[in-house]
Each structure stands twice: as structure tokens, then as C-alpha cells.
Amino acid sequence: MDASLLLELAVNGAFIGMMYALVSAGIVLIYKTSGIANLAQGALAMTGAYMAWIGGTLIGLPIWVAAPLAAAVMFGIGALIERFAMRRMIGQPLIMAIMLTMGMEIMLRGLMPGILGASVKKIDIGIPNAPIILGDILINRTLLIGGLISFAMIVASILFFNSRLGVVMRAVSDDQTASWSVGIRVERAIAIAWGLSAVMATTAGVLWGATQGIDWSLSLLLIKALAIAILGGLDSIPGVLIAGIIVGLVESLATGIIDPIIGGGSRDLVASAIILITLLIRPHGLLGREHIERV
Amino acid sequence: MFYRRAGIRHTSYRSERRLWRLPFDRGLVVAVLIVLLILPLVVDRLYLVGYLLPWVIWSTAALGLNFLMGGAGQVHLGYGAIIAIGAYASAHAARFGVPFEIAMVAGGLASAVVGSAFGATALRVKGLYLAMATLAMQSIVDFVIIHVPAISGGGQATLRVPPARFLGIDLTEDVRSYYFVLLVGIVVTLFVLNVGRSSFGRALAAVREKDYAAAVIGVDSFRFKLLAFWVSSFIGGIVGALLAFCYYRAISPDQFHLDLSIQLVAMVIVGGLGSILGSFFGAALILFAPILLNQAVGALAVSSGLGISADLRAHLPLLLYGAMIMGFLLIEPLGLAKIYDNIRNYLLVWPFRHAPR
Amino acid sequence: MSLLTLNNIEVVYDSVFLAVKGISIEVPEGGLVALLGANGAGKSSVLKAISGLLRSERGAVSRGQATFRHENLLALDPPERVRRGLVHVLEGRRVFEHLSPAENLLAATTMHRDRTRVTRRLDEMLTLFPRLAERANAKAGYLSGGEQQMLAIARALMTEPKLILLDEPSLGLAPFLVDEIFDVIRRINAEQGVAVLLVEQNAVAALDLVQSAYLIEQGRVVMSGSAEALRANPDIQEAYLAGHNQVDYHAVKHYRRRKRWLA
Amino acid sequence: MKRRTFLTAAGAAFVGLQIPIRNALADDKVIRFAMPQDFTRVYTFVTVEYSQGQRDYISLVNAKGGINGYQIVADISDHGNDLPRALEAYERAKAQGAILVDPLSTPVARALVQRAAADKINLITAYSGRSDAADGETFPYVFPLSPNYWTQAGLLIDYFRQQDGDLKGKKICFVHIDTPFGKEPIPILEALAAKQGFSLQTFPYTPPGNDQSAIWPQVRRAKPDWVVFWGAAVGQTVALTEAIRNGIPMNRVASSVWLSESDMDVVGRAQATGVLKVEPCASGQSPKIIQDIIKTVIEPAKGAGDRAKVGTAYYNYGVMMAALMIEGVRKAFEKAPNGPISGDWLNAGLNAISNFDAEGLIPPTTVTNTDHQGGGQCRIARWDGSKFVPATDWFSANQDVVWGEIKKSSAEYKASGK
């Protein structure tokens, strides 16, 4: 096995892991405030990418205007989702609220391609395809930039949770009824979480959309993102970053090392094995907080 | 009104312990059964093969999953894989020459064994983490089926299922396979109904509510969780055999993907967690809503003469389907069965507005 | 002058089950009032109706009026009620388990814009509850039951309330801790002029603490009056203050029957 | 139990649905095709354009008075690649008297093979379904009517041989989605590698293929002479993008029929210049049949969809398939002018298609009782930055190897069902 190939795979894998982690961070954001695993996160990424496409291609704005604009619109959409759907689920069994997000995922998957057309859309974010070559190693420029943007956004959200508003959001995630009882506007906190999460989804959607084109399949990002979120510990944003990099690295290396041996795409298999083993050793993910059990 | 009872009053333990305590409910069960028995003889084959047969099979699967999710509180995102194991095990057994009756049970056992291994993780992992662990297992099972040609059936990855005979009755004909599926469905329903009244069912309920507390009062929560996985996976395996022999008749890996697992979880949750009736409602909604919405939108697009684009025409049913799931959950977050229950409760005390608590 | 008035409040769960059947209660400014009653009598439902927390349990106020300082309470959402000066300490403490005690207190200050006031209030609480100051950086979930109860009360006080609703503060606590908690309640009431509406099953302790009380059975007020009057009532003595006198089971049975009839 | 509400709803639905079926059967002078296809899931990348082409061609035929005075009715519906839905659609089509079903989905086609044979309904499995269905003896009611994946792989290898003169000692990399569909061409490629002396390296990527960043560096380092990438939808655009990023020369990269103009848009029209694909029919608006459609159907605004899509690769695939189906109807009328119109009747017609080229849109196609593939002719086309330009004429190659595989696989199928 060629060492420089492994290094190349490792570097690109780490960056792609960060891009996955950005989708996961949106899931964690909502989980941390409302205890709900948002199954519509992939669909939000898809919707955000479509929004950026509307701005960039339909209206003709430059991408650096269209993408932030799409993020702003998506913040509003996130807040509206809280207002008209999630708010009514407060105090209801969590699994039902999670199911609701799944209904939303199906709905968004029908809405955007239905209105804008199902064929793949192109979004150009102006990153040239020409790679950066360091000696024998090729670094994918899109992954590099995408990974760095993701990293920056994840760090920003870590800082956010240590602010005063962040403390309130964490309180809401612990006990919504108790939060209400001491005057916290639970709905507003959750709406902010949804809005921010939609912004992260939009960023992720645009980054991924630039590589694979925009169509419904962007919503499939959910599965991997959920896996990373759970591996990191559903309520830890640093955990997500670490888990994202681990999954990205391992998948990338597995493709290089194990695939030729077993003659099949071992990526998902290895990722699944890591998740299983981690959960058996650490049932709350890498950095997830432990459930405090009192009878 | 229909029930002619304001509240439920019992005069003996025997009457209180009955499965259906009100004469009206008993009448309804019998009526539904009679309808289900007569229907295949009077309706077009389309309704038999397109609706009745899959509905009974999926309801049975939802019952099996609901037993685990609603009964023991263990989220399972890999039930599709469990069904796949049952389907493949029974199909291979039958191809090997094993009679169908035994092949079906073998399918159930194979699923139960692997499913309990899935369940062993439940010793440590809970809630969404467990969901993820089962999801990981789903992808491992998928991978194995696709990559071992001996299982998936060669290069085309399609396995033909030999014709099945159950106790001498040929099951390749649709009406007969429907009756057979219905029989299995009824057996599973009665089983799940009765477990709720047994000590096993009560132990499961304790584990579901708080496994930690259950352990404190002497319920071996690990053992019962594992048992719940075993039973539920066994049902899943049987359903796999039914799917293979009575419905699909040729199986390929993509029939048992994650999509199926998610569909089943949706059936259980939208129907009502832990509700037997809900499993039937949920299966009906998740299976038929897309079909019926498609036909409705299609008919509407034609009759209105509006030139809606092909894309919108195709995606509108999907949109409405998602909206419908959301709508039902927003109206009644505890699922379809709870909506029924609310109506029933209302009628129980009618003409009074509220029942005393 | 009354701070809080409930008039004929009715609470329904699941749109079907009637839990509270027309209750009228008054809490005077700076008063100390108790709601007594057995398990499932509807005491907690009354408190949740006042603080607006019924919705999260699929309940709703279906009839009646509630006014707090001459304002219709039922039109306000829970955080708005807290901003009017009404705070609810929930049954079972319900602290934010994964936050430290200090963060718990900080989380309850969303209504205060003035940061210096928040810090001052925080210091006051830590002096009022020195045990919390000792464990300011532990996770609240790992505090003992008594410490958690104190944290819950301190957290409620951070909102600077006029009326504090306390739901079973003595639940599951050792007797000496119960005394300590009740002492704190007395001090809050006396020193800060905060009115208290206390729900208790521990009638002995409660009647020693409060000025007046309501006895609730099956969702109705079956008796009310000053603490002395209730303490003197023979039915109360039999049913709730048992241990003080000889228990006459025939009488208890008789009382139960009468109670049913009342309901 | 408590199923009253459900029963009322089911009863209403039942009554509501029963009526249209009976009405439909009463119509005469109508030939029914059913096109339950996947508009919302895995096959979205192709279905809209494919279906648009099919419908526009059928409109063209109907506008010209139909066939023998019969109008063709195509029932379009969405099965979402979900089997219970597809089976329902199939049963509905059967109840309504459809004599042909085109599901355009591999899993659905596979599940329908046995039912179609039992019900004598012609199952069209163009670019999907079982490759061994080309064997008309084993699968009398299944019609791929198009070069299957084995043929496509064989054609590509033959094109490489034509370019390089000889493949001995060359290296070919095969990058494919890790599903049965993606793995399908491997036996053919291996057989040809042994025969022609090139070395073959395969690289599976996990579905859906949105992340192939770990695959292509390996391909680059293998320094292949030719690269074949095999997937669909997202997997195709990502593969091509990664190939560009890894600096693999575009004129040495080729794929199956699943490459379209919109894929090129996503990758970047200019950057993808040179990439090769297998072309089963002419693309663009120039073929006469497409011109007829534009004149008779599109211009009077009776088109089935977006005008801009007319003449795209997938649109023309749809036209191609509709043309073949209708040629089958025409032949059926030649053989039995008075019907009765049934699956059997159409089957005879489809099997009698001979040397049909749809006025230059498709290679001359002959379907026989034994060959349901239609001869296996295609051409290789090259993307020139704005459109696909044919690089070869219609040709067929390596059919001996392909048919060896077809016979082997269909024999397996025969043996498995007692």
C-alpha cells in the first residue's frame, strides 16, 4: 500500500468529514434545544440549495449574494416550521415530534422538485476544479474550501452555546415545562434553533449541491449526518466535529485499503461497524452527555 | 350512543378481563372479520392483490414492530433487514426442498436469532442511539445480502421463490394466499393482544416506562428486552416468508432496504405507538395514501384541465402525503388509533361531555 | 386585597377527562395559602391552570376565570405570566439537570435586561442558599434531593415574583430537610413579601405554616378557611392529621362516603 | 374491533375506484399502454424527460389518426420505485385492459417478470430490469427492446479496441456503483479482458455516490488507458467531476447510456468536453421524427412538458421506446387485423418488428422470438461542449460474449423456477 495515497485519502477524507459534520451540526442544534432529532435536516439542505439556485440562476444574482440571501430566507422558513408545526408538539411524546419532521421531509421533497422541476440543477460557487498538488498528493480544492467553511460554522455554533442565550437554549433542552415555569420563551428559543439549523443546512446544501448538482437526492445527506451526530453524541457540537472527521477519514481509508480486498464498496460497512462499536463502548456517543438516571 | 354504556362498569373480574369488554366492540370485531373473509370473493383481483393482501401483510409486520417499539420501548430502524432475513432464509430453505410450513418457521427462527443479536446492543444503548445501532445493522445485513451471490441469487440478484403449499393447499393462487396471510395476521394479532394481559406483557411495560426502575423492582430488564427482540424478530421473519411466498414471489435485496424499515416505523408511529389497532390504521395510511393521492391528483389534473406541469403533477401527491402525515400528527399527536379512541370515548359517555377521571 | 383569584375553574385533560370541577380560590397579597388533598385530587392541575403549564400535558382550562392583579390570566402564555410576577415550582423539582446550579439560576433571568441586577440577584440567592454556592459548578442532576429543591426555589426567585406556586416541596425529602425547606418558604414570605400558594399532602406541616387553606377532593373544594379553623375541624383531624388522635376507622369510612356524595 | 372509520373510508374509496375501471373497459377503438414510472425517487433523473418523449410521440401517432383507427392511450402514474405501489399500478393496468406495461425501474421490472408472464402482458424493460431478458425464449413477455448493459459494455470495449488498434497490455478501470446494477457488466468485462489481453481494475462506490473522493485518486494513480464509469443520476455527475479534478483526460473516459445534457450542465459543459457515452438513438432535434413531433404536437401547444427538453438524450430515449412499441402494434395489426386486442396479440407484433429504424432515429432494429434486445446496435457519442456528436456509426460488437452471458443467466433462471 502506497503511503502517499493513504495520506491523500486521509486529507480529503477529513475535509469531506467536516462537510458531513456541518449537516450533523444542524441536527445537534435542534436536538440540544428541543430533544428532537430532526429527520428533515437533509430536506432542509436540499431546500436551501434550491433557494440559492433560485437566487443565483433564476434571478441571476452572483452566488455570494444569492447564498447568504438563501440562508436568510431559510432562517425564516426554519422559524416558521417551529411556529406552525413544532410548537404544537411541545409536551407530546418525542417520537411523535420526530415523526412529524419525517412528514416534513417527505413534504419538502415533494414541494421543491414539484415547483422547480425534478431534473438536476447546477449551482456554481466559483471554486475551480483544478486541484492543489503538493508533491505527489492532490488536494481537492472544493473539499478543502467546503471543509473549512463547515469548520468555521461549527466553531461559531460552539461559541454560541456558551453565551447567555446558549445557556437558555440548553435549559430548554433539559426540561421544557420547567423552562416555561421560569419564564423562558421556549417557543422562541426553539425557533432560533430551527432558524440557525436551517442556515447551516443551507450552507451544507450549497456546498454539496456544487459537487453533485441539486435534486431531491441531497436529502439523502440525512442518513450519514444522523450517523455522525449520534456517533459524536447527539447533544455535543464538538463531538460532531470529531465524529465527522473520524467517519470521513475512516471511510476514505477503508475505500483505499479494504475495498480491493473484499471487492465491494466497504465504506458504509466500515462506518456502520464504527458506529456500532462506539455505541457499545460509549452508549452516549463520543462526547454526548450522559442521561442522569434517578429513580 | 352505539355503545349504550356511559363509562365501563363491570360486575365481575371475568368480564373486566375480557379482550373486548363491550358487546359493541365484540360485534365490530366479528363484523370486520366477516367483511375481511367475504371481500376477496366479491371484489376485483386488483383490490385483492393491490390492497387487501399487502395491507394484511404490512399490518402484521407493523404489529411485530409495534410489539417491540410500543410494547418494550425499543426503537428499531432495521426491521426491514429482519424481514429480509426471514424472506431469504425461508426462500432458500424451500429451494432446498424443505416443506413450506417448516421453511416459514425456519425463516422466523433465523430472523429471531439475528434479531436478538441486534437486540443485545439494547443492553447498553437506548432511544435514538439504539435506533442508530439498528440502522447500522440494517446496512450490514444489506451489504451481506448484496455481496454474497449465494444469498441474493446470482448475478441478477433476484431469487425466485418456489411455489408453496401449506398443509396441502396450493398458495400460488392469490385468493388462497390472501386467506393464509389473513390467518397468520389473526394469529399474530391475538398473540399480541394477549401478551398485554400476561406477566410478560406487564414486565415489558415496566421496562418500557423506565428500565432502570424496572430493574430495581426485580424485573430483569435485559432478559425481557432480549425476549421482546426475539418475539418481534420472529414475527418479522414470518412476515418475510409471507412477503416472499404469498406476495412478491421473487425477492431481491432492494425490496428490503432502509426504505422499508422507515416505512414500518412510520406505520407504527402514525398509527399509534403501542396500539394494536393503530398498526392496522398506520399500515393502511402509509401504504395507500400515496396510491390514492396519486390517483386523486391525476383525476383532478385531467378533469380540471389545468395545465399543471408533469413535475408538479408527479410531486403533488408526495407533498400531500407528507402534509397528511404532519396533519394527522398535529391534530392528534398520539396517532390514528388515539383519534379513534377519542371518538370512542366521546361516544361512550354521550350524551355527557366529559367522563369522570 | 387579593393578588390571585380563581373563579369556578374547570380543567379537562385529553378533551374528555374532567380533573378539576369548578374551583374558586383566592390568594391575598403577601399571603401564605395551602391547597390540601389526597393524591389525584386535582391540586397540581389547579397550579398548572394558574401558571399555564397544562397544555404540555394535554390539558386545558375549559371554563372559569382567573385574575392576577386585576388582569385576566388565562389570556397570557406561561412566560408572560412569569413576567407578571407569578412563578411555579414544579412537583419533583425539575431542575435543569445538565446545567450547573449557577447556569440554572441564570437561565431563569430571560425577563431581566439589566445584567448588573441579574448578578446581584444571583449573589442574593447564593447567600440565601449557601449549599448551592458550595456546589455551584457541579451538574444539577447530581445534587441531592434537598439541594435540588432549594435550587428549584432559588431558580423561581430569580424571576422576582409576587406569587410563588409551590407543588409538594417536601416530596421525598427527609424530615429535617422538610423543616429546612419550610423555613425557607417562611423567610421568603416574610422577608421578601412574596405570596405563596403551597400544595401539600403533608397537612400537618402545611397547616403549621400557612394562614389559610383549601381542602380539595375529587376536583372540588370541599372545605376552606383559616389554618386554625381547619386544624380544629374533626374531619380533617381524622383524615389528614391522623396520629394526633385515635383513628376511628368507622368514621373514616363514613367520611369517605360523605365525600363521594359531595362529589 | 374499532375499524368503523377505516371501513367507511375504504368503502367510499372502493365504490369510487370501481366505477372508472368498468368505464374504461367499455371504451372501444383504444389500445391501452400503462406507464407506471418512478417520477419521485431513484429514477427522477430520467423519468420526466423519458415520459415526455413517450407521450409526445404517442400524441403524434394519435394526431395522425392512430393505428388502424385505434387511438393509443397511455396511463401515466408514479410508483415511486416502491414495490407495493408498483404492484398496485400493475394490477390496475391489468384490470383496465392494458396490454403493455413500461415501469422503467429495475426493481419493479424484476418483481413483475413472473406476473407478466402469467398474465400475458408485455413488459417493456428498456435500460432496466434483467439483462438476460433479451432471451425471448425464456422471457416471452419481457422486452428490453434496447441494448442491455452487457451489450453496452461490450460496445465500449470494442470502441477502445478500434481507437487503440489492440488492447493487449492496456489497463481499463471500471468505476461503478456498488449495487447489482453497477456490478452487472463485470462478467462481460472480465471475459473480454481475458480474450483481448487487457487488465481490468474495478472500483465500487457506495450508493448513491454523492461522495467518490476516495475512489478517483486511486483511479488516477492506477494510470489507466481507459476509464469506464457506471452509475446513474448523482453518481454520474460526481464521477465526472471527480475525474476532472483528478486530471484524467476526458477523451479517455466513457459511460453507458446514462449520461445526459443536464449532467453536463452540472459538471460544466466546457470542462466535460470529450467524454464518451453509448448512444442507443440519435440525440438532438434534427431526426425527422422529432421534427414531426415539434410540428404536429409541440407547436400547437399539445406537448407533454417543457419545450426546452425536446430533443434531449432522455427525451429521445422515450420517443425511441414509444416508436418501438407502436411499431409492434402496427405489426400486430398486419398479422391479425381483427384482433382481438390482447397481450398475446401485441406480443406477436413486437416479435415481428424487423429492420425498423424510426426514420433514422434508431439503428435498424429487428426483434425476434429469440432476441428481444433488438440486435444490440448502438453508437458511441462524444460530448463536444454543447451536444453529443456521434463518434462512430451504428455498430454491434462482442455479441457472442454477451449472448453467452445471457444464455448462462437465463438458464439459471429457468432452473430456479420449477
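A, B, C and D label the chains in the order they appear, each numbered from 1.
Quick note on the criterion: a residue touches a chain if its C-beta (ideal position, glycine included) is under 8 Å from a C-beta of that chain, and two chains touch if they have at least 3 such contacts.
Chains and their UniProt names: A = Amino acid/amide ABC transporter membrane protein 1 (HAAT family); B = Amino acid/amide ABC transporter membrane protein 2 (HAAT family); C = Branched-chain amino acid transport system ATP-binding protein.
As the structure is a prediction and not an experimental result, all values here were calculated from the model.
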| item | value |
| --- | --- |
| Each chain counted as touching chain A and chain B at once | C, D |
| Farthest-lying chain, centroid of Cα atoms versus that of chain A | C |
| Centre distance in Å when chain B and chain C are each reduced to the mean of their C-alpha atoms | 45 |
| Centre-of-Cα separation between chain D and chain C, whole angstrom | 71 |
| For chain A paired with chain D, centre-to-centre distance based on mean C-alpha positions, whole Å | 35 |
| Set of chain D residues in contact with two or more other chains | 39-40, 47-48, 178, 306 |
| Chain C residues counted as touching two or more neighbouring chains | none |
| Chain B residues counted as touching two or more neighbouring chains | 146, 309, 311, 314-315, 317-318 |
| Pairs of chains, among all present, that meet the touch criterion | A-B, A-C, A-D, B-C, B-D |
| Residues of chain B touching chain D in the complex | 20, 25, 28-29, 32, 35, 43-47, 49-51, 54, 58, 95, 146, 152-160, 162-163, 247-250, 252-255, 259, 276-277, 280-281, 284, 287-288, 290-292, 294-295, 298-299, 309-311, 314-315, 317-318, 340-341, 343-344 |
| Interface residues, chain C side, partner chain B - complex | 12-19, 40, 219 |
| Contacting residues of chain A [partner chain C, same complex] | 90-92, 164, 167-168, 170-171, 173-186, 289, 292, 294 |
| Residues of chain D touching chain A in the complex | 39-41, 44-45, 47-49, 178, 202-208, 210-211, 213-215, 217-218, 220-221, 233-234, 237-238, 241, 244-247, 262-263, 265-266, 268, 271, 306, 309 |
| Contacting residues of chain D [partner chain B, same complex] | 1-7, 10, 13-14, 17-18, 20-21, 39-40, 47-48, 51-52, 76-78, 80, 82-85, 87-89, 91-92, 94-95, 106-107, 110-111, 113-115, 130-132, 178-180, 183-184, 187, 304-306, 409, 412-413, 416-418 |
